[in-house]
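Each of the next two complexes has chain A plus one more chain, namely chain B in the first and chain C in the second.
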Partner chain A sequence: MLSVYLNKIFSLNFANLLNAIGLDFEILSSYTFIVVCLGTMILATVAGMVGTITVLKGQSLIGDAIGHSSYPGIIIAFMIGMSLDSVSLMIGAIISGTLAFIIIQFIDKNSKLNLDAVLAVILSAFFGLGMVLKSFIQGHPIYGKVPQGGLSNYIFGQAAFIRTIDVQLILAVAIPSLLILFLFYKEFKIFVFDEVYAKSIGLSSTLMYVLLVLITMSVIATGLKLVGAILISSFLIVPGITALQWSNRFSHVLIIAAIVGSFSAFVGTYISSVYAGMSTGPCIIVVMSGLAFISMFISPKGLLANWLRRRKYLNDLSKSLID
Partner chain B sequence: MSENIIVKVEDLTMAYHDKPVLWDNDVNIVENSRTAIIGPNGAGKSTLLKGILGLQKTLSGTVEIMGKSVKQVYKKIAYIPQSNSVNWDFPTTALDVVLMGRYVHLGWIKRPKKKDIEIARNALHKMGMQDYAKRQISQLSGGQKQRVFIARAIAQNAEIYFMDEPLAGVDKNTEKVIIDFLKDSQKQGKTSIVIHHDLNTLADYFDHLVILNKRIIAQGKMSETLTQANLDAADMGGGFTIAAM
Partner chain C sequence: MIYQNLLLTKISDFLNYNQQMLLTLIVTGIACSILGCFLVLNKLSMLTDALSHSILLGIVLAYFVTKDLNSPLLLIGAGIFGVFTVYAIGLLSKTRLVKNDDAVGIIFPLFFSLAVILISTFARNVHLDTDIVLMGQVIMIPLNNMTVFGVELPKALFYMLIILLINLIFVAVFFKELKVSSFDPEFATLAGFSSGLLFYGLMTLTSFTAVAAFDAVGAILVIALFVGPAASAYMLTKSLKKMLLVSIIFSMLNSTLGFYLAIVLNVSISGMIAVITGMTTFMTVLLNRQGIITAIYLRHKNRKEFRLDLLIMHLGNHEDQEDAEFELGFATIKDHLSWERETTERRLNRLIDQGFVQRNHEKKIFCLTEKGRLRYDMIKVDYGM
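Take a look at the complex of A and B:
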């Protein structure tokens, strides 16, 4: 009796507090919001951390290529299974993403073409194929009979379509990924900083690459429904770039990237839940990029700090010249 | 004093994309020596070191270090790559880089302990870099960076040092610190193999020499190997004459 009463007071006050800062308690406490928000936040945490490593390794565009390239896999998986089942669509995404990655590696090894050019071609080819297939099955006498409204959500992500199974999939990927990053922290560090030395002390760079690609691939595959094929790579790239502006220590950079990612995911998911029809992916990316943009100005390595340093230097210089 | 061979290379051939870089090379490095490797640009000096250390595929040949394969003795080998192979944007401090020298003894997953940090601090101190422990690696000068990498090799506590142009782009002071370190290591029974580019200091800094230009031109004691004929044979004779010898 008493606890119910206390609970009521607490939640009322809490609700008032949230309302006062402009948040809608009704939405925040709804089951759907909590599920979706958990999903995007966990996803963004892992993506931010593993993405920092790819950014530092100079491979951020590979994530972009894999993200786009997983889209046709989703459509083909739908055509084969004739259903919108999350797991089978995810498997489709992984297969076509992996295929794209292998083709990229193969061309890069065996031709003198610039890697950027190869990435651009594969990305457009795969994503284009996905779009063509999607328009092909729309209104098709056989496929058209199955509801396929969910398929376009894989382009930009739509929180409203997220189910508990999707969050479970994210958790199934996130927990082992975080564990790998934590356990092999020291190995990743030396692999990114000085790969040649790392090899000389017996660390297999192939193994490190495989781990990195494996985590990247699973983050992308599970994040597609939430964030979409076009913007999933920003989840990997933007928090890392932001974090690198704020610290000179690898461990701190990883933690900041995780915080930037999950904070943006929270705010973005909230916005897309308040305004019906707003896609989740773009909302989160806008918040994330906003933070990155602000950091470029006000961080210790940002433009403002540089400008102040230069002004101080010029001042000191002119003073010493006058003296 | 009889000379023990600590690194023995036979018939080493290496290529990039089917373009051969090293042909059929036999190299013998004398134990407890300070050996310099010289040769013109693109002679394959860096490639040779990578081949010896098993960092790059070889087409043929065998390498024995202390009578064993590299895989069996890599803990006793400290390699200092050419500085352009390092990712300078990486967020890390000087002390952190030196600490990486301990990784090889820690094994997978395990974190450095207090004792490792102490070893790393001592190594930084030996290179006169103790005041820069917390400095971001990219904010150090070329010479300071090189001292940090030598300190990493010290922290690794190896028997053989392989260095790829450690004196490139460093100040005079650092050059002296590094050479003193090599001489000091020799007194402790260690062996160093160093790619070098300055013929003027060659005979002062090293006691053995390998001259390479895709093939081994000559190798042996400095006094016997550093001859005008050998330099000419390696296309290195132009403008340089061995007068002071």
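Take a look at the complex of A and C:
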């Protein structure tokens, strides 16, 4: 239905135009591409915005640990429900990711270990548990009968296989997450830049952390099917890092991160559709990281600007010395 | 041919398949944990995560050059690529455009993605399975044998033994330097040796260890082997030598326990060892000297001891006084301490068992023994009275 409608609009003028700039109209108007592209773009937009807060808080590796840690939850949800239903697997992922987050916070508070050591241990222990459970159900007389091929998609992601229901699921998570972000925009801003001040004006940092973890966790859980447990952390942090190269204003950074995220998702999905065999998630990440590196180079705060500034300064200095 | 067979010593004559696997795992664990100690001390634990993922790209690139999945050059290429990863992360965070954590978080997913894309587009027909990269194939260890100096042993075991030897030599030779630069990098620079050079030395070995280990046990377990035992040892010890020793013990314990559990339950060996490593680390968090359970236990114990001290003080203070009959009387002592009858009797009985208190049946009071009097004097000193 949707594709027919879009076909009608596009086929009039845009088809030739698109072909002229090198984009394949056939692919762009195909139903699969539209579904996959919508899914990845919405996900990347929300993940980019939510992840920016994590980056600003200096906790960018937590997303990586939680991404890995959600894997056993997926297998357990499969074992309980005996099906590959997206919603129940997502709930499993949220529960095990949250559990990992709580354990990480607990160890961080109650031991002299550094956060990164805690992250490394929890990440490998949880993912290891996922591996144990996966190998357990593989040859099992009861679980072995249910088809479980889809489970390994959650490690590396299989965006090409997502269906309309998955896009609806992403929307169902994206809209509330963005709403929370907008409703608590001021609170998040204060919380990010001055936690002590936030506390002094009576803003509960526990509440903010709970909100942040809640939306991060649900974004990670919905993203697993598209990009997988290993690479989901990039969706969270890379757009934020890119945006921080261009602006220092919180609102601008959020908007740039959203744009970078959705643009990379579009380009990445397109590339993976044109060239057979390329997985969508990794393609998007390569585009995203490329944008990040370009930004680091050419942005107003970037390497090139710094180099020019230094050169100009030296020139001026040598001139004034000669004069 | 017959002579050759006579000269050949096969490891399978001494150890069965399970024992060969376990031996390889233990050697791998020790090789990882002695470097892991320095990684944990230098707050570099998440670099192992970055390394173990980006090595895959190194292997793929090296494969394009060698076109042979069994070539040892593959491992060398991957090792060099690992060092390059660390260098790239360092370079990126040195620009100050991003924080160090962000640099780690941006580099390794990129490398991993590139590897996945390259495998799926150019190396489809090659047996380079991304699942195996993460999970490892411990079960295959005894099936890949090689012959060295007339001894036939698993390839993975031989590689890991060499790596272990190199790591041991490195740590032994540079022990002082590593120690100083781990605890006081500024002093290390002042003292005249480059902690940067030492850092890259450490990272080179870490990278090659990770590559060799990852070939046998998979990327995820490599992280656990590096960080888990070292983190546990860090909480329990106060000297570097002890930390190294304790981490080796933890590592052996984790590998053995995880291996046999996995064999009994017929599940993934790598996964099980990673789980056990996580559990022992968590137990150490709870039970070490500053741990939360230890703290609760100590508080409880202290409160108990304080009550007994209080009782001795009461006895000591009133023993020679005229009101001893009322204060210390068999039936009345509880009123003066305002405790329940049962609790008072229980605590008094405990002190009687320990030999601090005795019953004076003539006066019908409790009084201190010789030992109890000494304890009374000590308590007075302890509390500054």
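Just a few scattered comments:
As a convention for this text, the second predicted complex is superposed on the first by the 303 of 323 C-alpha atoms of A that agree within 3 Å, B and C clash if a C-alpha of one lies under 4 Å from a C-alpha of the other, contacts with A are read in each partner's own complex, and residues count from 1 in each chain.
Throughout what follows, a residue touches a chain if its C-beta (ideal position, glycine included) is under 8 Å from a C-beta of that chain, and two chains touch if they have at least 3 such contacts.
Bear in mind that the values here come from a model prediction, so they are computed numbers and not experimental data.
In the superposition on chain A, A:Lys312 makes contact with neither chain B nor chain C.
Look at A:Ala117: by the touch rule set out above, it reaches chain C but stays clear of chain B.
Shared-chain residue A:Val192: touches chain B; no touch with chain C.
When the two structures are aligned on the shared chain, A:Ser60 is found in touch with chain C, with no touch to chain B. In the overlay built on the shared chain, the residue A:Phe136 is in contact with chain C alone; chain B does not reach it. After overlaying the two complexes on the shared chain, residue contacts for A:Gln245 are found with chain C alone; chain B is out of touch.
Taken together, the two complexes place residues 244 of chain A in contact with chain B and also with chain C. Listing the residues of chain A that touch chain C in their complex gives 55, 58-61, 63-64, 68, 103, 107, 110-114, 116-136, 139, 152, 155-156, 230-231, 233-234, 237-238, 241, 244-245, 275, 277-279, 281-283, 285-286, 289, 292, 296, 301-303. Chain B meets chain A in the complex at residues 50, 53, 55, 71, 74-75, 77, 79-81, 85-87, 89-93, 96-97, 100, 103-104, 106, 108-112, 136, 152, 156.
Residues 56-57, 183-184, 186-187, 189-190, 192-197, 199-202, 244, 247-250, 252-253 of chain A are the ones touching chain B in the complex.
Note for the complex: chain C touches chain A at residues 40, 43-46, 48-49, 53, 95, 97-99, 101-102, 104-106, 109-110, 112-114, 116-117, 120-121, 124, 130-131, 134-135, 220-221, 223-224, 226-228, 230-231, 234-235, 262, 265-268, 270-275, 277-279, 281-282, 285, 288, 290-292.
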